[in-house]
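See below for the structure under consideration.
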Amino acid sequence: MDDLFIAPAIPSPETLTVSFEAWEGPLDLLLSLARTQKVDLREISILALTEQYLDFIDGARELRLELAADYLVMAAWLAYLKSSLLLPRQEQADPSPEDLALRLQLRLQRLHAMRDAAARLMARDRVGRDVFARRKPEGLRLVKKALWRASLYDLIQSYGQIRARTQPAVHIIAVRPVMTLDEAIQRVGSLVGAALDWTRLESFLPPDLDAPKAKSALASSFVAALELARQGRLEMQQDGIFAPLYLRAAPPNQEAVA
Amino acid sequence: MTPEPDDFLRAVEAALFVAETPLTPADIKLHVGEGGDLPAALGALADHYAGRGVNLVERGGRWHFQTAPDLAHILRREKDEPRKLSRAAMETLAIIAYHEPVSRAEIEAIRGVQVAKGTLDVLMEAGWVRPAGRREVPGRPLIYATTVDFLSHFGLSSRRDLPGVDDLRAAGLLDPVDLALEGLGGQSVVENDDEDA
Amino acid sequence: MTPEPDDFLRAVEAALFVAETPLTPADIKLHVGEGGDLPAALGALADHYAGRGVNLVERGGRWHFQTAPDLAHILRREKDEPRKLSRAAMETLAIIAYHEPVSRAEIEAIRGVQVAKGTLDVLMEAGWVRPAGRREVPGRPLIYATTVDFLSHFGLSSRRDLPGVDDLRAAGLLDPVDLALEGLGGQSVVENDDEDA
């Protein structure tokens, strides 16, 4: 499993005929080279690895392979690291080359660990490849069922509204009990001659009328009185607003004048 | 009581479990091969699952797992959601109740408004209205009537219990009071998006 | 040996059987109600199915039935081969799973190359990786984490089941990546066509 992701095997630096497409960058190449040391990455010699890398780049250059800039940057950095590691201790810069080497080693370990983890992950029993769920499950359904609310009152009220809205409206005008104006003129005209003195309008109405007809008779009789007065056949008198209205026949001389 | 299942039986079980459709014994053999007594394995599996929540059944020579019939209710759990009928639905229901059986055209004639198809669907979904055949007139329109559920929901023992028009009038339910308020234009009004508007 | 399953257990079994996706205990309760000891029922079911052709498993707090791994060969079909992940995608997925939540820069620091946008897209499309907020550092980078579907797919009960995770942690290989220390080359290498090269 460890070898699942190792890039094309590197037999030895001298016989390299491989293009750089095989690696995902300098770190990847470094890790591949490191793996050829066949030791635990924690015990790897960064110095030896640097040698390997620089040899590889040199070899690749001789083979006139196109070199990506990043590989050359890494080569330069490693060459610097190598020389620093060989320098006497007191002349070392900060961070120390040992520190830098340790970090590079750690990075290689981390990348290797993740590569290994990816391989182990992919090799697990994966759903749809190694283990299977049902291919056509019926499914659990949460059905929201509408619980319709409606009362009998809603029902009949609705029906009433439809009927009220759509039935043709027939307007029947009731035959109402009235005394016509002609009738009133006739009656008031004939009765006023019989009266000797001022007589209240109400006295001219027919007796025993029911309420609606009495109202009509009063109104018609009043209008009839006005008409007769206009014709000069009677006189009207009232002491104040809403006071009783009195009628009497007009004097004969006045009738002659008119 | 349950013997440790052998690999042949396990394979049959798994094949039936993942199958998209019921499998014939020949289908099963395509997966599990000939390395066992298939009828015996099917019988043993059917026995094993007999009292469980999932049963192995044979229908017309094909085998499949299905949930136990008595558990159907948990697989389609219904959640009641109280909702009020729209006015259109209420009116349509009332017309069907008073005039049944009626066609959609007749309902529209009485309402004076077109009836969206969805309105009748809602009433049928509620279980209050059912199609009641076709009227034998040109076009053979579908006619609708109310259901027994309708009667029980509204507490009626029969449709004759519905108050008559005279009762409605006496109750003041025929007063055209809200006619002006409704602003109903009448014939050209479609209550909602209806495909046969 | 196998006691007669009670109706609660049978209901849990049936619900898991028909479910289209793995179910949390809460999902199950929604269907089977509170009428029983659900953890006990799940445990009993898992035990019952342990040696069979179909197993009940828990993945990231969700339960589902699946076929036994050793039967893969008889059940696998041509079209079942899951999507082939690129090496970049596999490594990126592993880095996210073991380090989550991680930013893109942190993934790049570990891999020594830039992460093509397509790589994360593929993982998110597969439903295995999700954005998990932003890291409250300058630039507020988006951070990524794995999903419950990731656990289901790879047969992990939880992230603690990730292969070798304890050893890696003990070795300090999962410590937060100190980006400042990662001054080494490689950062400008783009693994493939990436618009933010």
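The first chain written gets the first letter, and so on, giving A, B and C; residue counts start at 1 in each chain.
Note that in this section a contact is a pair of C-beta atoms (placed from the backbone, for glycine too) under 8 Å apart; a residue touches a chain by one contact, two chains touch by 3 or more.
For each chain, UniProt lists the protein as follows: A = Segregation and condensation protein A; B, C = SMC-Scp complex subunit ScpB.
Since we're looking at a predicted model, the values are computed, not measured.
Set against the Cα centre of chain A, the chain with the most distant centre is C.
The chain occupying the central position, as judged from C-alpha centroids, is A. For the pair chain A and chain C, the distance between C-alpha centroids works out to 33 Å. In terms of their C-alpha centroids, the spacing between chain B and chain C amounts to 40 Å. Chain centres here are Cα averages; for chain A and chain B they lie 29 Å apart.
In chain C, the residues that touch at least two other chains are 15, 17-18, 30-31, 65, 67-68, 75. Multi-chain contact residues of chain A (touching two or more other chains) are listed as 132-134, 138, 140, 142. Taken in their complex, chain C has these residues touching chain B: 1-2, 4-5, 9-15, 17-18, 30-32, 51-54, 65, 67-68, 70-71, 74-75. On the chain A side of its complex with chain C, the touching residues are 5, 24-28, 68-70, 73-74, 77, 103-104, 106-107, 109-111, 113-122, 124-134, 137-140, 142.
Within the complex, the chain C residues that touch chain A are 15, 17-20, 23, 27, 30-31, 55, 64-69, 72, 75-76, 80-82, 85, 87-88, 90-91, 93-95, 97-98, 110-113, 152-156, 162-164, 168, 171, 173, 177, 181-182, 184-186, 188-189, 191. For chain A in complex with chain B, the residues that touch the partner chain are 132-136, 138, 140-152, 154-167, 169.
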